[in-house]
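Per-chain residue numbering starts at 1, and chain names A, B, C and D are given in the order in which the chains are listed.
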Amino acid sequence: MIDKQVKNVTEAVSGIKDGSTLLFAGFGAVGEPVELIQALLDSGARDLTVVCNNSGTGEVGLAKLIKERRVTKLVCSFPRTSDSHCFEEAFAEGAIELELVPQGTMSERMRAAGAGIAGFYTKTSAGTKLAAGKETREFDGKTYVLEKPLKGDVALIKALKADRWGNLVYRKSARNFNPVMAMAADLTIAQVKEIVPLGALDPEIIVTPSIFVDRIVEVGQ
Amino acid sequence: MIDKQVKNVTEAVSGIKDGSTLLFAGFGAVGEPVELIQALLDSGARDLTVVCNNSGTGEVGLAKLIKERRVTKLVCSFPRTSDSHCFEEAFAEGAIELELVPQGTMSERMRAAGAGIAGFYTKTSAGTKLAAGKETREFDGKTYVLEKPLKGDVALIKALKADRWGNLVYRKSARNFNPVMAMAADLTIAQVKEIVPLGALDPEIIVTPSIFVDRIVEVGQ
Amino acid sequence: MNQLSRRQIAWRAAQDIRDGAYVNLGIGLPTLVSDFIPKDREVVLHSENGILGMGPAPKKGEEDPDLINAGKGLTTLIPGGAFFHHNDAFLMIRGGHIDIALLGAYEVSEKGDLANWTVEDPSTPPGVGGAMDLAAGAKEIRILLEHNTKEGAPRIRKQCQYPLTAPGVVKRIYTNLAVIDVTPDGLVAREIVQGLDFAGLQDKTEARLMLANDWRMLEAPAV
Amino acid sequence: MNQLSRRQIAWRAAQDIRDGAYVNLGIGLPTLVSDFIPKDREVVLHSENGILGMGPAPKKGEEDPDLINAGKGLTTLIPGGAFFHHNDAFLMIRGGHIDIALLGAYEVSEKGDLANWTVEDPSTPPGVGGAMDLAAGAKEIRILLEHNTKEGAPRIRKQCQYPLTAPGVVKRIYTNLAVIDVTPDGLVAREIVQGLDFAGLQDKTEARLMLANDWRMLEAPAV
């Protein structure tokens, strides 16, 4: 029997090794797997590479991980947001490496990892500093940049509902990076508001099919 | 006001030029835009390149287009199906060019066209005859094939319901190639069973957002 | 000199959005444009975080914390709108499905180069967000910006001083002083505010301007 | 010699599918496997045309023309199943999310090369379908085939005579005579049917075989 439910967030994040590459979903606080990130904080994992659109807020979650110097590298499109002082301080001290990636390229690189694509050519960033050192190539007279897959050891994501197989549905703009990150990691862990019986999710409206999900935990918020 | 509805299938396919590249959705007969293809037949368009997973059945639709020698090239993953004699005869006579493409590569090449990707590297077909003449490259010790976008001038697709903006939902496995072809053409024409009022489709379950669709026609079957 | 307010720049840009267009509004000044789209036009607003059909800010009591725009402000969805994931949102951008992106900028060059992502201040980390994707991918890029910096330095330059977001992509520029098109022959002023002549506009612009034969007064209602 | 029927080959392959696996069954012989998956295991069947959670063929009167499998036969969906588009179906394949693909073949080589898409008959056009995507993308490829052709020619070869679907991908082979693993050291026979000894199996096989120390009898119930 397939049952990807785990009892609590501690169990959900168990086994995440020091030195892992982690994908954190969410756009700002929306769709962010807050409880899973807190559990990861509590787990003590360190030397992490984190892929996340933003850099955390205040002194909780990703911001706290950075404040505790447990993130050695952040792959990010927009690290400066309201109250991102933990990241800014670490960055000013040289205590964290930043790989700045255009938001769509970040998303497409994760899709490539999930889709078995070893590289793709995009116009995005061609002719800019962010293409420095990257291979470029002309197609039909335009310059494209070769981008490589961005794969996670673990993805922490958030959805509205799941069933025990791990099928997921989301709510409004809280969908954002969650489906693409679910595809792009060896281990995908989803926190959901509610776990419903198998068959209760309409097969036409499932956004993330169960094949992409390894563990689910109900957080009931 | 946005109103992509047209009165009938004749109007829906109007303006398709001789020599066009056309994407025909469907997997066998399921999800196939039968009425649009019939209207295209009636329109007299010729010298067509058709991208379609199969080659048509019996002597209707795509099979008839091929029988009438109006398709100069078929891009296809699986041309031999039950009763595909029109294609087989044309092929045996050398009256039609066949570009045989692995099914997933065909789909991904159309996505690339829709997604602004000028090329991508896939393992599929590496080390086989279908990679002959294609550029290959090693990534992490494995051989990948460079594949290019496959773009249509026009896509003919089929959905279950639409609203006047062109948002689409599908039914079961009739979804198949429809969403990816909708993205990959300059002009996307959808036949639907029913056109519903704007706002009647739940925004969470729309599969093809309206931005990819140009014309919709209700065929009511 | 009747220069435009920020809201009037947004108003002017809104008048050029055609009925039925799919439009992305950048953070800052462009966000104001949504208030001024003529009522007889149906325009579909796209947001990078997976929305088509964004509506106005929510009324008091109708805020939904799961429904935000690219600037992370609360927003709404209008009938016909749809949600999708980030990857499809950027597929729409990169794939050329967005008709118009209205963006802010630090600088624009006479070749249509756009600089709007970093001022290279070593004291703060850079951020790019979706700026490069939009600049490289949308069918048409139009820029809204103050003609000059607070210090009076020109923002429309021979060459951008700041790092580029994308080269050669800008088609039209709306400022508090003028509407300027980027053409293969160079920059063409199409509209200039009352009380400023072409020479005066050129003075405030580093790049060389031409004046359109059919140029007219840039005017906007009090908004 | 107790050679297996086609249904028994399918039965044998089904016994190796672990609980919880995501599996793609190729057209033909592999399709039969779904009838024999042990009842205590929950296995999710994937179809290239956008289905996870395929069930058995529909009962009379419950056929849905919009619900077909990759072989274009009518099928059903079990609770937990989901529909998606073709591109996501092949993302799952190419991206290595399918645990096991059970495929038919014309030939397999001792290096695990697979030939299952064309016999290069000039009188009929070739078709590839999803064969190359599956062969290159699934985590593990297992092959079901008759050990020899009707004419008695071997199908397990030093080198494939027919054009390859993918080189070096096959991990295990189920035939009417044996279960054979493809290992870095070569082909290893793990199970052989009653009444055939290793020399006899080797006789029917072009590629060189080794016999596993713990080899056993290949048996299947009457199914």
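To be clear about the criterion, a contact is a pair of C-beta atoms (placed from the backbone, for glycine too) under 8 Å apart; a residue touches a chain by one contact, two chains touch by 3 or more.
If you're wondering where the values come from, they're calculated on a predicted model, not measured in any experiment.
Chemist: Which is the least count of steps on a path of touching chains running from chain C to chain D?
Modeler: The least step count works out to 2.
Chemist: Any chance you could name the chains that touch chain B and chain D both?
Modeler: A
Chemist: Please flag the chain sitting at the greatest distance from chain C, going by CA centroids.
Modeler: Following the centroid criterion, the farthest chain would be D.
Chemist: Could you put a whole-Å number on the gap between the CA centroids of chain A and chain B?
Modeler: For chain A versus chain B, the centre distance works out to 33 Å.
Chemist: Could you work out how far the Cα centre of chain B sits from that of chain C, in whole Å?
Modeler: About 35 Å, centre to centre.
Chemist: Using mean C-alpha positions as chain centres, tell me how far chain A is from chain C in Å, no decimals.
Modeler: Centre separation, chain A to chain C: 30 Å.
Chemist: Which positions in chain A are in touch with at least two other chains?
Modeler: Residues 108, 111, 115-117, 122-123, 170-172, 203-204 of chain A touch two or more partner chains.
Chemist: Send over the residues of chain D in touch with two or more other chains.
Modeler: In chain D, residues 77, 83-84, 93-94, 136-137 touch at least two other chains, as defined above.
Chemist: Answer with line, ring, star, complete or other to describe the graph linking chains that touch.
Modeler: Looks like something else, not a line, ring, star or complete graph.
Chemist: According to the definition of touch, which chains form touching pairs?
Modeler: All chain pairs meeting the touch criterion are A-B, A-C, A-D, B-C, B-D.
Chemist: Given the complex with chain C, which residues does chain B contribute to the contact?
Modeler: Against chain C, the touching part of chain B is residues 1-2, 111, 113-117, 163-165, 167, 183, 198-199, 201, 203-204, 206, 209-212.
Chemist: In the complex formed with chain B, which residues of chain C make contact?
Modeler: Touch list, chain C to chain B: 19-20, 22, 42, 44, 46, 52-53, 77, 79-84, 88, 91-98, 136-137.
Chemist: Can you list the residues on chain B that touch chain D in the complex?
Modeler: 27-28, 30-31, 76-81, 87-88, 91-92, 98, 100-105, 107-108, 110-111, 122-130, 170-180, 207
Chemist: Considering only the defined contacts, which chain A positions touch chain B in the complex?
Modeler: Touching chain B from chain A are residues 108, 112, 115-123, 137, 139-140, 142, 144, 148, 169-172, 203-205.
Chemist: Which of the residues in chain C end up touching chain A in this complex?
Modeler: Interface residues on chain C, with respect to chain A: 47-51, 64-68, 72, 77, 83-87, 89-90, 93-94, 123-133, 136-137, 163-167.
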